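Two complexes follow with chain A in common, the first pairing it with chain B and the second with chain C.
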Partner chain A sequence: MMIYVVLLFLAGGLPYYILLENNKYLNSKQIFLLSGFLLICAIFLSLSLPDDHPDLLVMISFASAIFSIYKATKTTSFYKLGYYLIFVNAPFFILFQDRGIMYSISLLVSLTGLYLIAKFYEKNYGSANYGNITGITLVTPCVGTYLAFYLIALALYPPFPNSLFFLSYIFKSQHDLLSYVVVTTLFFGNFFLAMGVMKKTLFGRANPNIHYVHMTTKEKIIHFIVLIVLIVLSFFGLKETL
Partner chain B sequence: MEKIILLIPSIPIVIAFLLFFVRKKELVPKVSIMLSSMLALLALSGTYYVITNDTPIVGFGGLLIYNQLSAILVPYVAILGLVIRKYATKYMWDEAGYRRFFILLNFIFSSIYLLVMSNNLIVLALAWQLLSISLYLLVSFNVGSNTAVRHAKWVMFIHKGADLIFIFAIVLVYDTFGSFDLAILSEKWLAMSHNLVESPMIFAIGLLFLIAAMMKSAIMPFHIWLPYTSEAPTPVSAVMHAGVVNVGGILLNKLAYLLLLTPAVLNIAFVVGLVTAIVASVIMLTVSDIKRSLGYSTVGQMGYMIMEVGLGAFSLAIYHLIVHGIFKATLFLEAGGLIRMARHESNLPKRLSYELFWEEKIKRKTKKAFNYLAFFTILPILVFVGVKVVLTDDFFEFNASIIILAFAWLTGTQLFMSFFKVSKADSFKMIFALVSSFIIILFTYEFVGLTMEHFLYGNDAMLFYKAATLNVDIIMTLIMLAVIMIVGWLFMYRQHFVDVPKVGNRPGAFKWLLYSFLAKEGYFFSLIKFFKKDNA
Partner chain C sequence: MSIIEKLNSVKDTVPHYWPIGSFIHHNPLKGFEDLHFKDGLAKAKSIFGGKVYMDSSYYMNLYKEGKIHDSVLESNIKKVLSEKGFDIPWEFAKKFLMEVSPKWSGLRIQLLSKKEKIDNALYAYLENDSIYHDKQEWLDKLTRHMTLYEINDALFGGDDKESVEKNIVEFISRFLDEDQTTMRMPNRELGMFEAFQLFENFTYERDAESFVQESFKKLHVKDAEAYLLTHLLKLHGWAGFIKYRSEDKDYIAQRQHPSTLIEYLAIRLYYELRAVKNQKLRNFDLFQEYANIHLDDVILKLLAHKHMLFGPALDALESNEETSVVLSNHISGELNLDALQIQHSSEVLQSALSLTELAEIIKRLREEEGYIWLKSLEDSYIHSYVDKIINVENKAEEHVTASATFCLDVRSEVIRRSIEKTGPYQTYGAGGFLGIPIAFVEFDKAHELFLSPAIVKPQNVVFEIPVESHDEYSSKTGMNKTTKKVLSDLKNNPYTPYIMVEAIGWIFGINLFGKTFLPQKTNKLLSKLKPYKPKTRYTLDKLSSNEIEFYVRKLHTKIIHSVLAYSSTQDYSDEEIESVRNHLLFENDLKVSIPDEIIEKLITAHKITPQDYEYQKKKLAMVGFTLEEKVAYLQKYLKMIGQVSDFPEFITIIGHGSLSDNNPFESALDCGACGGNVSLPNTRTLCMIANTKDVREKIKEQGIFIPESTKFIPGLHITTTDEIKFYDTDILTEGQMQKFSKVKDDFNNASIQSRLERCKSLPYTNTHKDIMIKSMDWSEIRPEWGLAKNMGVFAGPRNSTKHLVLNNRFFMHSYDWKIDNDNADILTAIFNGPLIVGEWINLEHYFSTVDNHIYGAGSKVYHNIVSKIGVFSGNYGDLKIGLPIQSVYLEGEPYHEPVRLLSFVEAPLEIVGKAVENSIAKPFILNEWIRPVIIDREAKKVYSYENGEFIVIKEIA
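Then we have the complex of A and B:
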């Protein structure tokens, strides 16, 4: 039982809510990186666990996920959104454990893309806050395209691996009421969060008070690599789903 | 070699990928149209193969199939796509995001091909979801417009709901029948239909699929996304009204053998379709916004389509969606062209259909044209009915066929009267218009509908009618038919009664309330606004 609590601690955002939320020493970027690292630890830990899950643990992480969805709707920072998305998806990871590993890896790769976008914003606009930087689809199409890819992946749409692994676990697992509730919540939770960001970034009129900046060639190449990794994962996802 | 046909869903993706690297704006439509033409030729060759060999093309480990349904729908979608791309070449030229538009268009067509050609429920689920996201990005193409983005959000919410329901239905199918392969499942379902046992699980599966289809096909009460998306560019509206909304009908056709096992679901489909057809058509007449009116017209037609499925006429639903798609795409593309012309001319240009069907007729003396029409329709009906009565006795075996005919006739009459501007002032012309429309509908049903039915389902088609038939005897059915016809006839007659001055003729309180209710679309949006204000 203890090891499951450790798993929840690593993936479910408990360190954040207990210790880090009001911490003055770590900024949101560092918390994002730390949360990603803890999730990687959880992935390795789950390899040694039997294919079983205590319902109580899933329910606790589910409650934490719902709270994270609420918190994520309030933020306009890419970094904060990133770690909230990790916490939101924790119940799914705990529910499917070793079979949820590939889903978690896909999530991490998509979030890496989001992290790079956040860094781009920080470098060019002063912070990772996307609040008033609207209409990037038309003004900076390259940034818009890559951000659209990452958000579509996070919103659980195919052909991206997040959706394919999600579907694979749904189709090939035994279901009880709890799993239906978790699946429904995560299906809509991820979707609402990603769509909310889309609305505030990709769409809308360009803000005349902001000097929009295009990606450099180096940045484009890095994002292209992330996209290629997502596509490679999609092939695995497709293979597993079909 | 014929397996190359199965690459059709991937071709638009390749086109979209190529478009990413096309730098010259002029080349974007050229590349898109050239490769789409090749795709259309490939689709036609696939159809030729299926018809001549009477066997489907199956590949990719049974995941994709080019069968009779694909043979009809894929060339239709391909040609529609070609026309829309050609139209968009000039229409979208001045819009920001020209290349993005063509890329997104290719994605949505790819998902439609995949949906039509899928032979596996998981592939179908993937295509189902791809369609949702492609549609969202296309509807919100005009990214700077707040209303376009807001309406796209509604599209997305309803489609996401449809995606989840569809996924749950697939989970239940796998738990119950142990396979995702549609060919295996269809065989199993057909075998089970011979010893029909009512099962709540099968009913639940059928109902979930029906609800998912209703959501994507804008059937009431999930219709609200369609009438409000007209702010999207005209080619997108054409794709939506001629292609995307039809996926509900396509899905139900793919699952036709499952629905054999749940007659109750078919009956629900009939009732829901009927209500949608009537209510949406009436709202269409009352709303003041012409674009919303067109949206409600499509909702009404989708209601007819689902109603046909509910009556067991699966192939007729396919025929309906193709004909409606061509009609509505023409209407939207013509409308877009007219708006464009109006920008350059000081006087608003006249409608092309008006010139074709009305002005030309005046020049050539309309009465003569109607006499010819009557001659070419009255004579065939006498021969036709005579042959039917003498040779076959199963025409009226299932009341479904009668109801379909009655509704088809009402629609046909409305179309005739709109095109020919027939009014009560010329009763002779009116009667000919009514009779002619009935004959054309009857012929269409007999020769096109039944041919398609035979092509798609062979002898199994009768099983669907049997499963869907309501337990109403033939006399009751005939009475219902008579009532529908008389009410419809009177309605048409009054609607086109253009000569009576209405001054001082105020409607009653109830009529006024009903009119307000319909014109405000059931106060749906007033309620939303009310609650929003309350929360604020």
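Then we have the complex of A and C:
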């Protein structure tokens, strides 16, 4: 049982809500990186666990995920959004059993892209907050396109691996009431969170108070690599689903 | 001052919006033309926000390309420094414009992460100069042009704005609908505010003005004028359309469903009151009290709402830091960046000035730089074109076979040049309506089209009537109408769409795939299904009073007969119908028993009233022309273009229109001088008049002898494909027809040459066949470039610009000052019509390019047609004014070069002066919304109009 508590601790955002939310030592960027690291640890740990999982664990992580969705709707910081999305998806990681690992890897890769966009915003606009950076699709189409890819992946839209591993779980697993509730709620949670970001920063009129900056070639290449990794994972996801 | 008077004082801030079906290019800042161009733009910027000049980096690129001449730029910098009393060397200002300003905004980004020491004196100066130290003033500035529901949204995070605007758009788009919907709003004939009360199910005993007044009391509005303007600006496209309708008494939809701006504002305020009723801040006094207590918090939230608060401050707000600290950090962060920009500029400029002096200079230079760059670009073009025009070899064609008059539209330039290259042809340019404004009723259509500039109201109505059997046309038209109706009924029935999609959905697939993959073949196939109009003629003669009475009677009896037949089972004799008519029009006793509701219906719905009787008679009296009118119009036209002698055998007058598919803005590509319509009816009318024997005899008395053998032939230039089609050639004799075939062949060759030349500027177009396909491709966003890149107008003899390559950038109006009288009546007429249209077109392109979001229509991709009057983005929003971004930009870069209309007039200065004085265009000419350039060959001088005087810019050798 203890090992499941550890798993919940690593993936479900409990350390954040208990210790880090009001701390003054780590900023949101560091918390994002830490949460990602903890999720990787959880992935490794889960390799040694049997497929079965206690419902109580799913329920606790589900409650934490619902709370994280609420928190995510209140932020316009990419870093915060990033770690909230990790916590939102923790129940999937636990519920999806062996597929949960691949799902979580896909999630991590998508969030890596989001992290790089956050760094780009931080470098050029002083913060990873997208609240005032509107309409980037029209003014900086390259940034807009990559961000759109990451958000579509996080919104569980095909053909990105997140959605394919998600579909694979739905097609190939036995479902009970708890899994129905969790899957449906969190699917829409992910979807509306990602779409909300799209509405706020991708679309609309460009903010005339901002001097928009284009990606450098180096940045474009790094994002392209992330995209390639997502596509490779998509092949695995497709194979798994079929 | 009453509310209406206050509204009248601000309503011209929003421009007219004409329905998209007859798109009228217009200056979106028309209401500012009483100010000098520069001041008007500054005022507009303070109201609308956004940009009024291009960025300096744009002008810098033009400078590097050599389009802005170095000497011109230097001269303009010196002028501004001297006028504004700047005590700095011009080289310093130039260096600022060229090296610092283009990087000004980007510099701020670079300095974000820099930790440099800030000069204390500079910081103190900037702080003192900023609005930050007076928070009440800052608050007033932030809430200017904000409604109370927007303030509530900003402070408490609601979304009332969305619901209020959505409700308003839903009501007005349904009320103003012009037959787009199949479910029409009832009771629209009662007027907008009355219909609104029924729509929202409330009653208000008094009128809309009283409602606005009461609403202002409830909201505790302090400055009524400013608040009226605030509401007008929220959806200024819709407001502009309602303004246009309410001021045009002949607009049919307005006559049927009256609406006024005050009613529109009453509706807005109804929704505002409803939105704020349960809000914390129900009126402006409560808001002021709240702001007094929470000033920092209010400012911060307003800044965030307006996207003026940057990332770090937003992060701090999310972390619930104290608002006064966040605001103070935001202010110091902004001032630090401002100071760093000045310090960095000082290094680049190697300035010896103190930093505070430099800050002051930079502030003032930044206010002036847009105008300096713009004027330098214009002046460079002026110098360049003056040199070209005065060096053209002035050689008249000796034996002209045919002359061709085109619209002065910029798109005629290439085809005119091509025609002149192919043979002994002389071309002319004139306003597309040819100085003959007509209300045209096309064959098989019920409504009249006003074929004249939007500012001219036609006084002559012309009907098109068939002169040959049109059974096939009627049969095909009837069949097409029935098919459309059946499909529409099937589509709108709640049950049939389920079956319809399965059964006949594939038919639409033919159209869909055909138009996508084989547009040319599909177009050919579909054209076989289209009815071809029979040969027609126009009604050019006046009706007698008996004929007028006959037609009005016929109309009324037909209406009464059909209403009675529909509403009653009883048969009525002709005498009984006549009795009903006499009762309705002349208040005679009714000799037949008719239910009161039918009488009421005839009066209200079908308008059979004494007033309408008089109106119909007045309209019919406008049909055709008197002989004097015909002669006067023909004479005016010939004198206007300077063609008063040596008439060739064929005088072709060629109107123009555009062809494109799936393009709501198609009429924007038609003739601007004909109110956004195809100008063929004007050319046919004038040619028919000119070919009339009694007109020729009468005009001969006035010194214009047109030989009997000379024939006026109307034509149509399709601007998308550059094809020219001639009409009414059956008036030619067999011998003439043979000669005219050669003319047609030459014009065809000219069309091909013109297409090849235009290929170079159109994207993804390599052959002239590609151009043809563009006119029928439904996915084509640029069937042609239209009037983009328009830059100037030339009014003078053709010989001064013959064979000069002007790349479709000039409006070309033929004018010979030697024919004009001492009062410059001809030039005045050119200023009063074509020049005004040219200015509207030019400034619409200017503003759609400098800020497409505010003055343009945004991307075509998101457009949806609304109420058949315009487009909006998505499923609700403001009517889009101006031009779509695809019409003025290419792949993210401006295609159109925004400059004021460079108006070259070749005539003595005195003549031009008189024309300006007499013209209704005088305010915008003197306020420099165009750039007049006078080529006075008599005095051997070229003048430009600047700062209230004509100055010599070149001596002609």
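Operating definition for what follows: the second predicted complex is superposed on the first by the 242 of 242 C-alpha atoms of A that agree within 3 Å, B and C clash if a C-alpha of one lies under 4 Å from a C-alpha of the other, contacts with A are read in each partner's own complex, and residues count from 1 in each chain.
Basically, a residue touches a chain if its C-beta (ideal position, glycine included) is under 8 Å from a C-beta of that chain, and two chains touch if they have at least 3 such contacts.
These numbers come from a predicted model, not from an experiment.
Chemist: For A:N124, decide between first (touching chain B), second (touching chain C), both and neither.
Modeler: Once the two structures are laid over each other on A, A:N124 reaches chain C alone.
Chemist: With the two structures laid over each other on chain A, which partner does A:R205 touch: chain B (first), chain C (second), both, or neither?
Modeler: In the superposed model, A:R205 contacts both chain B and chain C.
Chemist: On the A-aligned overlay, A:I170 touches which partner chain: chain B = first, chain C = second, or both, or neither?
Modeler: It touches chain B, and chain C stays clear.
Chemist: For A:I152, is the partner it touches chain B (first), chain C (second), both, or none of the two (neither)?
Modeler: first
Chemist: Once the structures are superposed on A, label A:T75 by its partner contacts, choosing first (chain B), second (chain C), both or neither.
Modeler: In the superposition, A:T75 contacts chain C only.
Chemist: Looking at A:T184 after the superposition, I want to know if it touches chain B, chain C, both of them or none. Which is it: first, second, both, neither?
Modeler: In the superposition, A:T184 touches chain B alone.
Chemist: Which chain A residues contact chain B in one complex and chain C in the other?
Modeler: 141, 205-206
Chemist: Give every residue of chain A touching chain C within the complex, in rising order.
Modeler: Residue positions touching the partner: 28, 74-77, 80, 121-129, 131-134, 141, 205-211, 213.
Chemist: What residues on chain A touch chain B, complex-wise?
Modeler: It is residues 135, 137-138, 141, 148, 152, 155, 157-159, 163-164, 167, 170-171, 175, 180, 184, 187-188, 191, 195, 199, 202-206, 241-242 of chain A that touch chain B.
Chemist: Mind pulling up the chain C residues that touch chain A in the complex?
Modeler: 49-51, 105-106, 108-109, 112-113, 304, 307-312, 314-315, 318, 853, 892
Chemist: Mind pulling up the chain B residues that touch chain A in the complex?
Modeler: 61, 63, 96-97, 100, 120, 122-123, 125-126, 129-130, 132-133, 137, 140, 143-144, 146, 149, 153, 156, 160, 163-164, 167-168, 170-171, 174-175, 180
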